[in-house]
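The following pair of complexes shares a single chain, subunit A, combined with subunit B in the former and subunit C in the latter.
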Partner chain A sequence: MVRLITHNLLACHARGCTSNNFPLRFSDAQIETRKADFNADFIRAFMPKLEWSALVDAAKQLGDTSLPLEAPDMLDEEFLKNLHRVLLEIHIEEGSMTCPNCNHRYPISNGIPNMLLAEDEIA
Partner chain B sequence: MSHQYLIVFAQAHNEFRLPELSSVSELHGFTYTLADGSDPQRPFMVIHLASEEHARLLARRCILIKAIYQFYGQGSTYKELHEANRANRALWESYIPKTSFKFIVTAYNHSIPQRRQREVIESFAYMDFLGKIDMNDPEILLGCFEEYPDKHGTTRVKHEGDGSFLQVYFGKLIEEGSARQLIGQFDVKKRVYYGNTSMESEISLLMTNQTLAAPGKLIYDPFMGTGSMAYPAAYFGAFVFGSDIDGRQMRGKGKPPGIIRAAKQYGVAARILDLCTFDVTQNPWRCGELFDAIVTDPPYGVRAGAKRLGRKRELSPERRAKYLEHRKSPRPDDQPYIPPTKPYELSALAADLVILARYLLKPGGRLVFFLPTVMDDYQEVDINSMMCSGMELIANSLQDFGSWGRRLVTIRKTSTVKYPPPSFSPEEAVTSEHVPAHKDFREKYFRGFRTDAPHDNYETAGSVPHYPIHD
Partner chain C sequence: MLPTPDLSHLSSKDYELIYEPAEDTFLLLDALEKDAEALRATKPTVCLEIGSGSGCVTTFLNQILGSSVIYLATDVNLHACRCTCATASRNKTIVDCIHGSLACGLHHRLKDAVDIMTFNPPYVPTTSEEVLMAQEKRDIQGAWAGGVDGMDVTNHFLSVVKELLSPQGRFYLVALKANDIKAIRQKMLIENGLKSNIVLERKAGREHLFILSTR
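For the complex of A and B:
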């Protein structure tokens, strides 16, 4: 759990933290890889939603450097399969995600990130 | 060229039949029309479809379809039925020479004595089928269905009123409904992980069909709980994302989390995309237009009340200062900080959910959720008052429990405008003079839906546990 597709969609949402609040930084990440069904249409349709450089950085932080620095224009099968693997098959089971702006630490336990805010952080 | 098909429905959830037919046909990209005089409240319904393949698709996905037949005729008497059937000779004459067949005669709300079943079969002798009768493996199955009025609650002798049916239908079986067996497959009692608010499998499946779940779709449940809707959605091929303010519901005890264990049981764990703990009114989504559907059964306060972050009563300035100081320099032996929560009133939650869905859904995406309501007080405007521009109500089906019920609401995002993230502040709430029947549902429930009982306020309403609970 906490796959990179999820990581790419989560931003720090503490009150007043509106800029430089994405992507969250992993620390002490324990990684597992698990197979997921490949659906080329899903990956292709999801491409426009991705923040590409954030994904590349996150993958690199976890030791995966297979993604190109720029998202390619031509999406061939090999690229989509690799993107599928990075987005859906790498799971962060333990560790935490930290906001680069306000340093709020979101712990990940048993694969489930705790994104709750403290009472002084809610809008 | 369209053909007529006879649907034999399971006798449950009548109001859910048409929404389900519409959703499943939309999912597969075809349409159906009702034949004249078809009443969705009755167990037999005749519809027009462009091809037999469409009938098969319906039978494989609609939870409420028991079987679907090619329609040969109907009548209020056998004379009428046989006339209609003779007129449709073109539909069945190719089976005359050598097709093996089986003939069934059954009734709804009645049992036909065997002697008369034989008479009925013999009355079709003019069809002149020459193939052999094969009770075990026939090439075609012909079905004749008599529909009787509901005699529930009256005492009568066996077979009384035999032959005085409302209507009789006749056709050839296309396909038995194969989706109904999923009700047993997803039975909560056989699930390795569930909670006291888990949704029964038949309703979860009906909800899932309303979402148009299919491979490659992304579906979100913002009140995930024990994941009841996630399993059928993932089973139909969708990726599911779940969040809940209370992670304990999703985790349960042990490893991996309870929802993942149950998903593994159904072979769909790889499609539970992720589970996150957060308050949906304080959500971390980086952008909108992410999901094809949002499906949820929001807690409405009887078994479990909805919560959002915040305090029921704000801290005094002194205590707040102390709290902030403590947050800045926590002691090493502190328990992990658990943020306080306050109740989230149902009508506010429902209106917020619609606004949230407008932000998070892709254009054309669907929001599917249950809304409990007080039967005597419900008005259509209850639903309309929580709608906002860009969202359109497409189905609203009641499940009736007597003095209260719950409505399965399906809303489509019709707008292609990009909306800003909702703030969920009271100032931005959909303001309406109208007080819907589901407002303060919890208090009304515990008062037994009487209007004369003293009015409890929200904080103390939980202290009257003697009313039968069946939510």
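For the complex of A and C:
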């Protein structure tokens, strides 16, 4: 399953690709929106683990520009609900993610990201 | 006692391609249930299962910990990834499943971040060639072929466990008596900096199973 929360945790791991290997860039993304239970405590607890600008950028690639460029200090209900929607309810079903450094392409098919590498690409 | 996740959507056809939950799986569930209070008390936000197979373990963790956690899972077998997602959905939860080997692609961002990590590795002693072939073919054999001492894949993964775990993080590992539990624990301590204990052990047919945890 690829949601933006998953995408925010994935980096390229091809051999020798150790810098500028995050965030992966979406292309040909087909998305679906599915409701998920809102849990404000989880969103608050997860905020510090997010790479915020990577998230804003990824959402933008999928046509969602609702997130502020800087993460706000005050986390009100409206902000948390929108972040919940962006992080957990947008599913990338098809498409691919490409490494900004080495251009390795990781396909997404039926909602499952393929992070496998060929034998000679393994770090 | 928590119920075992509903797996009625999986058929014998699926179990030709993926590992069917068995005594080792259930012992791991029992260990997680035994530690349930302690796990909740650490207020986890990130769970990661390596080699999720049917998705039974991750879905069970979800029953223990609820929606305040992201459940990540990986499997080298694509059909296992599909079954993991299906099992989560059947039990009204969500698992973010990744088709890949061990913690592939997650090291960079999950350094010191995983609160609960589980691994029921391929632990059956075989030749090392069998392991390599099985992991490369990414089929059901990869779920059990463990190489010399049954520890090839486990040893490979143990070297990255410490850097993935959060300060209060716990790692659960399934192992066989035949893998030499004392040697595993010593190796974990000396080579991997992981202090472990035995959460549960059980004899099931020919197998004497252990669940080790790092806390």
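The working rule: the second predicted complex is superposed on the first by the 122 of 123 C-alpha atoms of A that agree within 3 Å, B and C clash if a C-alpha of one lies under 4 Å from a C-alpha of the other, contacts with A are read in each partner's own complex, and residues count from 1 in each chain.
Operating definition for what follows: a contact is a pair of C-beta atoms (placed from the backbone, for glycine too) under 8 Å apart; a residue touches a chain by one contact, two chains touch by 3 or more.
This structure is a prediction, so every number in the text was calculated from the model and none was measured.
Once chain A of one complex is fitted onto chain A of the other, the partner contacts of A:Asp120 are limited to subunit B, with no touch recorded for subunit C. In the superposition on chain A, A:Asn110 contacts both subunit B and subunit C. When both complexes are overlaid on chain A, the residue A:Met1 reaches subunit B and subunit C alike. Within subunit A, the residues touched by subunit B in the first complex and by subunit C in the second are 1-3, 5-6, 8-13, 22, 36-37, 39, 41-42, 45-46, 49, 51, 88, 110-117, 119. Of all the residues in subunit A, the ones that touch subunit B in their complex are 1-3, 5-6, 8-13, 22, 34-37, 39, 41-42, 45-46, 49, 51, 88, 110-120, 122-123.
Considering their complex, residues 215-218, 239, 241, 243, 245, 247, 250-251, 255-257, 260, 270-271, 273-279, 282-287, 289-290, 309-311, 323-324, 327, 337, 339-340, 423-425 of subunit B touch subunit A.
By the touch criterion given at the top, residues 43, 45-46, 67-70, 72, 74, 76, 78, 81-82, 85, 94-101, 104-110, 113, 136, 138 of subunit C touch subunit A in their complex. Against subunit C, in their complex, subunit A makes its touches with residues 1-3, 5-6, 8-13, 21-22, 36-37, 39, 41-42, 45-46, 49, 51, 88, 106, 110-117, 119.
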